[in-house]
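The structures come next, written out as structure tokens.
Look for chain A in each of the two complexes below; its partner is chain B in the first and chain C in the second.
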Partner chain A sequence: MKRTGLQWLAISVLLISALSANADTRPQYGGTLHITTSMSTSSLDPAEMPDSVGARNLVALIFDTLVIVDATGRPQSALAESWQSVAGDRGVEFHLRRNVKFHDGNPLTTEIVVSSLRKANPAWNVTAGGDVVSIESAGAIPELLQELSLSRNAIAKRDATGNPSGTGPFHIVDWQPGKRLVAAANEDYWNGRPFVDEIDIDMGRTFRDQMNALESGRADLAEVAPEQMHRAVSQRYELLRSSPIELIALKFAKEAASAQEKASRDALRLSIERQSMHNVLLQGAGQPSASLLPTWMSGYGFVFSTEPDRLRAQQLRDQIPGVPSFTLGYDNNDPLARLLAERVALNAKETGLSVQLNASATELRLVRIPLASCDPWSSLLVLNNQLGLPPIEAKAHSLDQLFASEQSMLASGRIIPLFHLPLAYAAGTNLRDWTVMPGGKLNVTGAWLKSSQP
Partner chain B sequence: MSFRRKLLLVFSVSVALSVAAVAWLVQEVTRKAFEETENQRTSQLVGQFQREFNRQGEEVTRRVENIAASETVNRMGAALNGTSADSAEYFDLARSLAESHQLDFLELLDSRGMIVSSAQWAAKFGYPEPAFQILSPSAQQPAFLKLEQLQDSTALGLFTVRTSAGREHPVYVVGGRRLDKTFLSTLNVAPEMRVLLYQNRGETFSADLLVNASASSRDARAAEKLAPLVDAVRRSNQEMSTPVRWSSDRADEEIFHAIPLRGLGENRPLLGILLIGQSRRNYVQLSRRIKDAALLAGAGGIVLALFLSGWAAARVTRPIEELAGAAQSVAAGSWDTRVQVNGHDEVSQLANSFNQMTTELLAQKERLVQAERVAAWRELARRLAHELKNPLFPLQLTVENLIRARTQSPEQFEEVFRESSQTLLSELANLKGIIGRFSEFSKMPQPQLQRVNVNQVLRGVVQLFQAQLNVPGKPAIECRSETDESLGTIAADPELLHRAISNLVLNAMDAMPQGGKLTLLSRREPQKVVIEVADTGTGLTPEECARIFTPYYTNKQHGSGLGLAIVQSVVSDHGGTITVRSQPGKGTAFVIELPERPELLAEIAESRAQHAGEPVRN
Partner chain C sequence: MRQPIYNSGIPGILKSVNLACRPARVRRVARFGVHCLIVLLCTFASASDWSSSEKQLAQKIAAVTGPGAAALTIQNRSSLGKRDTEIVQNGMESALQEVGVRLVNNEQAATSIAVSLSENQTAYVWIAEVRQGTADSAVVMVSVPRTAATTRLPDSMPMTLVKTLLWSGNKPILDVAILEGDASPTRIAVLSPEDLSLYRMQAGKWQAEQKLSINHLKPWPLDLHGRLIPTRDHALDLYLPGVFCQTASAATLNCRESDDPWPLGIISTPSAGSSTAPLLAGFFTPRRNFFTGVIAPAIGKFSAAPKFYSAAFLPRDKYVLWLFAATDGKLHILDGIRDQISLTDFGSDIATVRTNCGAGWQVLATNADDQSGDSVRAYELPDRDPIAVSAPINLPGKISGLWTQANGDNAIAVAKNPETGSYEAYRLTVACN
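After this line comes the complex of A and B, so read on.
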């Protein structure tokens, strides 16, 4: 009997321990998730927001796309339950998910989807028939699904005043353009109600402010600058990062007007010492890069040399009469951008080039370009479009053609790649089950807040 | 200008000059005293500023020493230890250290002088510090000035270099504070002082290089006014002072003391110039207050002086004015005028003498009148004797002739008696005539005043004598009448006036036996009418002119001597005057001045109206 009692006692202790452990890992509903971000936008309309990872994250909270791309780059169903190619890959028909409602209570219809896609893509031929939405093109559009997964193609229903309404996991409660967004959980979300009751997003904060907010407990989740990753890890925050998905580059607004200018740009490109910047300014985060697509995405990035060639740069500079000068602009709210720009100016000075810094300069800017997706072709095409270069003519999306297209873009002299950086986020230990996609997208739909009370 | 006014003016000017002189003297003395005080104060303030500047340098040195001695820097030195080990993790160290130690500039250099971390130009890591060769020997020196190259500009700073301790390959800590507006504003300077810094770059003065701690509107004003001082210091490389006036207002002036700031190196280049400005506003305002007070006191003194001068001048001049008034009265004929004598001063003596003088004048006048009266009687007696002697002598001869005829020729007595009787009657008639003229003169009638047109009287006289002026066989007398037709009427007796003028014309005709020119003119003068009867005859001597109006005085053989006396009597009865102007051989002019007497004219008009039974017209 005594032995039996001890056995029962042991079993009870194990059960209680197991239940307690389960309570720590079991998702909890409720709470407000405080997020800080450097992104700032004056509009929540997906078709009007400038493309950035922050904007994509914001859109993903309020809106849904027809399809999404998973971690491996494969399209998955979202508002479109299924799809099929038609007319020899010149079009795709999408069957919409049923019983999906917008935040204002109206059901998702093909007409709304068509209207939303037409607004974002005026060149597309989008039609509706029954519960089917058709997108057709004169030629093949192999990257259409990746394209549709972009945030600008999120489905939005606009009222008479143009205010957008989405079908996403959260609906807007309070919107202060450029400053703050408070969104509450969508109880009728087609993919299940989010665990947190509310998300409070504080926008337009520097990385330093975000880190301070995280440290002071004013934020549960914050963006982390590459050079602050070590600090975040050392402070025992949960740090998640994407693949190097953000391109840092020098971008010229126009093509070189003369051979001399082209030579000046080449001299500038060859004078840049990426490795020291990577070691010191980026604290080893990301990768020095002379290519547009990161190696992990294209597989050939190492082919483009990141080492400076001061001798060649000096030779090019000597061919140019006078002192070639550039005015380099950068994002004044981005300390890393300022440092990188200063270092570029220093490197250039050693070669005999003059680079003046002026944050508002537009002819030459140091920019952060988030690659559109994890799909190289999709990213390259969007990038090509962003640079305003001639459309890429590729019959088949092969690796050779990808390489050739990228080479062609680089040869235009419009852009000098510097680095590919991952996007990193840090969260306190009370935030659970949040994820970051390889493309940098933050997923907090399944995240939950661990209550501090037992 | 009256004597009183002159006296008042003299008094006032004297007092005003005295007050002004005292005010100027006070102001000059005050100004000199203030200037001495200001100079001493400026020296003290400049000394205070230099101590403050040195204190800031010591503070920078202390902070840099703390950094150099910090565990973080020593750990970094140990990690690097003269090798090319990865220094990336220290990239941001300078910035955080600079922030925590409140330094504007901070660079951490390895033993080779390569920048490991830079607070002021973070991107410069891995590059050599250009001034390392100059800095390293100064590693334990006090603070010094250095021109720091930044990304897009240069900045002047107060630097110190220190090394991490106890290493073969030390870490150099180069830290400093920017000499900028903030730095200048942290300097404890007196309230009336301000500090500016000129960064010595470029060949010529530029207002953009002037750093001003103050944010007042004055600082935005033309900094070019400091250019001469800056240029002078740049040339001489020495301290100097000069006043700078920012506007036309003297209170807007500052005394600027310029201190050259030199850097390290062989030639110790001039990196900047500190300009310590001291406002003179307080001094000028105090000076103005003194000046205003002096002016106020001066003005008050002058006003008081005017009153006092007026009172004193009145007191002094009153007896003199009384004397002057009395003298005027005497001059007007009031010979019995006397003035009151008060006191025993010179003016009183003068008044006393004046009274004696008028007394003496009165006495002399009495004597003169008596003498004249006696003389007149004598003249009358002489004339009477003369006049009577002429007819008496024929009478005597006639009577004697009768007596002789009675005794010597009775037969002829009848004839003699007849002739003598005629002679006696004739001479008696002559005597009677003489007595009649005297009687007539003594019975000159009072004028019966009427409204008389003087020009008409003149024309009547001319008409009366027209025939006698051009008598055949006698030299002609040209008569010219110049009458002022604007003359109005005067109150006069037309017959007496006619008689008086006729007498003058007769006299003139007698004075021109060889012919000549007779002029009768009338003219108007203020409140009077002037009648002039002039001839071109023999003229009169001054003695004759003096006695010409004396009764029974004549220079003519058959004159009675009463003609001009009658004229004078008539003129005098009309309230007028008669004067004579003459030179021997050049003729004589008698000038009669008759008052218009409008009040009498009104009375005459009223009287006539009453006589005529008509209402009075104004």
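After this line comes the complex of A and C, so read on.
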């Protein structure tokens, strides 16, 4: 059928009308961004804050690191404008960005960088020479750049009382430890002034409180529990999630003392029904996992079977005299952790193992571990450190060696992976251009509020 | 929301629409042919890229199994399409046979090879789980670089917007100017936040000629915009927030803090060679991402427009109609007497192009498409409301710049490709249908 000119015009008009709702504009300046978070910290010193994604988000507002990693895990310059390896990859020399100032007005110097990095890494050999900061180690440190991008290595200038000052996109206006942080845009930020004038962060809120705050308009941006993600979507909030970056696992404090204990742990591992927990308790969020690194990061995670093997578990249990028993600890403030722990105990009982629940138990705990970064090697090395396992000796960081190292860590029997969960955030429609990195880091430096006028 | 109102038919557009409709069958056949060609080319490209990885994985598998019979299964767990999976499957079968692994049915095999085509953030990961008898399976794997992306065919409208990738790089870019070779560029200038780079096309690739640093004392705004304008004697003017630079000679770039107004409408004057004459200039805020609204010279009785992100113009018989994509989200149309507000679907970036189609001048305007990045579309204003005269053309990501080229015949759109992370500059031209 031939279309007439008038028909084409009518189509054009309809298209214009249909697209009107999506019209976009450049970012607008101004306004206060209200954020709620479950994270609570009594200190804003990056070297003292316990590692969590919430803490990383907070640090990134106030402080900068020498390098950052982009969404694909590649290092990019931040306070360090350039760098070069020296002495056979045993060290790196960093050239600092010029004309960068701390929030207290002092310039960024090599001496301050050295002091800051030494506080966070007492074992490192960090020196300053001219406008160059050198970091050296006895052995090769191929993951140094990834390491430097971690929030604990953010550069802070500490005054006589130990209060830290940063160079980041926002400076502190009001700090109520553990409760509230108000930060204002750094007008002279080296990477461009943020669009919003102020960020107001309400800390220590449960997921339920956060959703209430979002619904009532008291918050523009809130965290969402993984099992509640579908609810947030149905309420028409903009929901962004990271890749599954948080490892939920059973972590043993020590190595197995005997072959019998090792067999007990293996029996426990083989008794766990991850899929049913995933369907019911997690409402399908995240992924059941028997690997330390998620498949999106390594590419091979599915090779480690998540299926229970009751028969093999029974065989192992039968080799052990008496009833093997564990006491499982969990975070009492984390309702999901308790539910998961109960299911682990139930699965264990069905295999003839005894698992008692005691929130404060330390020998075996159900833990949430935020993986350090999107780089598989960096995440694995940090995890290896956290578990207190022998250092990984890998001459070349190849895919084969990554797989072998992870196999070795799992074989230690110190950790039983259960799930990889994404971190999710919801925002009202007035908040634009906020992003969540695959590693869970929330980026609000480039965010802007639609209602505000430039 | 107010809808466009039409006072009368627009003969020029109706004519071009009707002409566009007549040879529909011929165009459909041609389009089908082009589509087949693209699919065929993609297939060949994919197949040739993967053979070395197939061989590498086959050798690793053979190192475990040794020569002999084995059953092979392949499961795709990645974003590879069905067709590509079949190509890899065929390639793996050939590669395994080349290293002495004879493929048989499951019932006949003591060795099974389960290959999973997986992926991580940076590459495809192909994994083979090799099980021999009742022993635990051995796992071998290879990392396979990703291949390039796809092409889309244009839609049919009175005009067609055509995008041509001009430049792609890892560094942010603000603007690109074509210096030589108008139809087929042979020399370009690329404006980045920290430098101006000149490139010459040699043997089908852009070769760097020169890089000139941009000196600025104050930090750039977060949403940085910049303009690059060729002037007389092959010089270049660079307009950045609070900074103006000029190429003084082939090897130097002189920059100074400046609040000089940026040229908004440019019409090339052939008599003066490559020189250009700005119709209007606007003052850009040094620490933000928009124009203050102060303009020079005045548009009729208006010495200022609303604060705006970008501007375009449409010459009329006795005056020039100016369009401003204002910071209030509306399109302001100034004819010298009135400031008319039009509620359009325009984004923040608009630009004028001069063509041989329709009314001879079109406005290109961005529009957000959350699914696949931003899009650009050509419009005409027969009266005072824009009418789309082309289908939207998608760019790979959010458009950060849309500027008319100095010759006025085409525009440059800059976008960041979220899949590759690269910054891409496209030349946008309007073709008559």
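Here is the rule we use: the second predicted complex is superposed on the first by the 427 of 454 C-alpha atoms of A that agree within 3 Å, B and C clash if a C-alpha of one lies under 4 Å from a C-alpha of the other, contacts with A are read in each partner's own complex, and residues count from 1 in each chain.
In this section, a residue touches a chain if its C-beta (ideal position, glycine included) is under 8 Å from a C-beta of that chain, and two chains touch if they have at least 3 such contacts.
Note that this is a predicted model, so its numbers are computed, not measured.
By the touch criterion stated above, A:70 is placed in contact with chain C alone, chain B being left untouched.
When the shared chain is aligned, chain C comes close enough to touch A:195, but chain B does not. By the touch criterion defined above, A:446 lies against chain C but remains apart from chain B after alignment on the C-alpha atoms of chain A.
When the two structures are aligned on the shared chain, A:329 is found in touch with neither chain B nor chain C.
Look at A:276: by the touch rule set out above, it reaches chain B but stays clear of chain C.
Once the two structures are overlaid, the count of chain A residues touched is higher for C than for its counterpart among chain B and chain C.
In the superposed pair of complexes, A:295 makes contact with chain C only, with no contact to chain B. The residues of chain A shared by its contacts with chain B and with chain C come to none at all.
Within the complex, the chain A residues that touch chain B are 227, 276, 279-281, 283-284, 339-340, 342-343, 345-346, 356-357. Interface residues of chain B, counted against chain A in their complex, comprise 86-89, 91-92, 121-127, 151-152. For chain C in complex with chain A, the touching residues are 1, 3-4, 6, 9-10, 13-15, 17-18, 21-22, 24, 77, 116, 118-125, 127, 129, 139-143, 157-158, 217-224, 287-290, 307, 309, 325, 327-329, 343-349, 366-370, 374, 386-389, 421. Contact residues on chain A toward chain C in their complex (touch as defined above): 2-6, 8-9, 12-13, 15-17, 19-20, 22-29, 70-73, 99, 187-195, 295-300, 302-303, 374, 376, 399-400, 403, 438, 445-446, 453-454.
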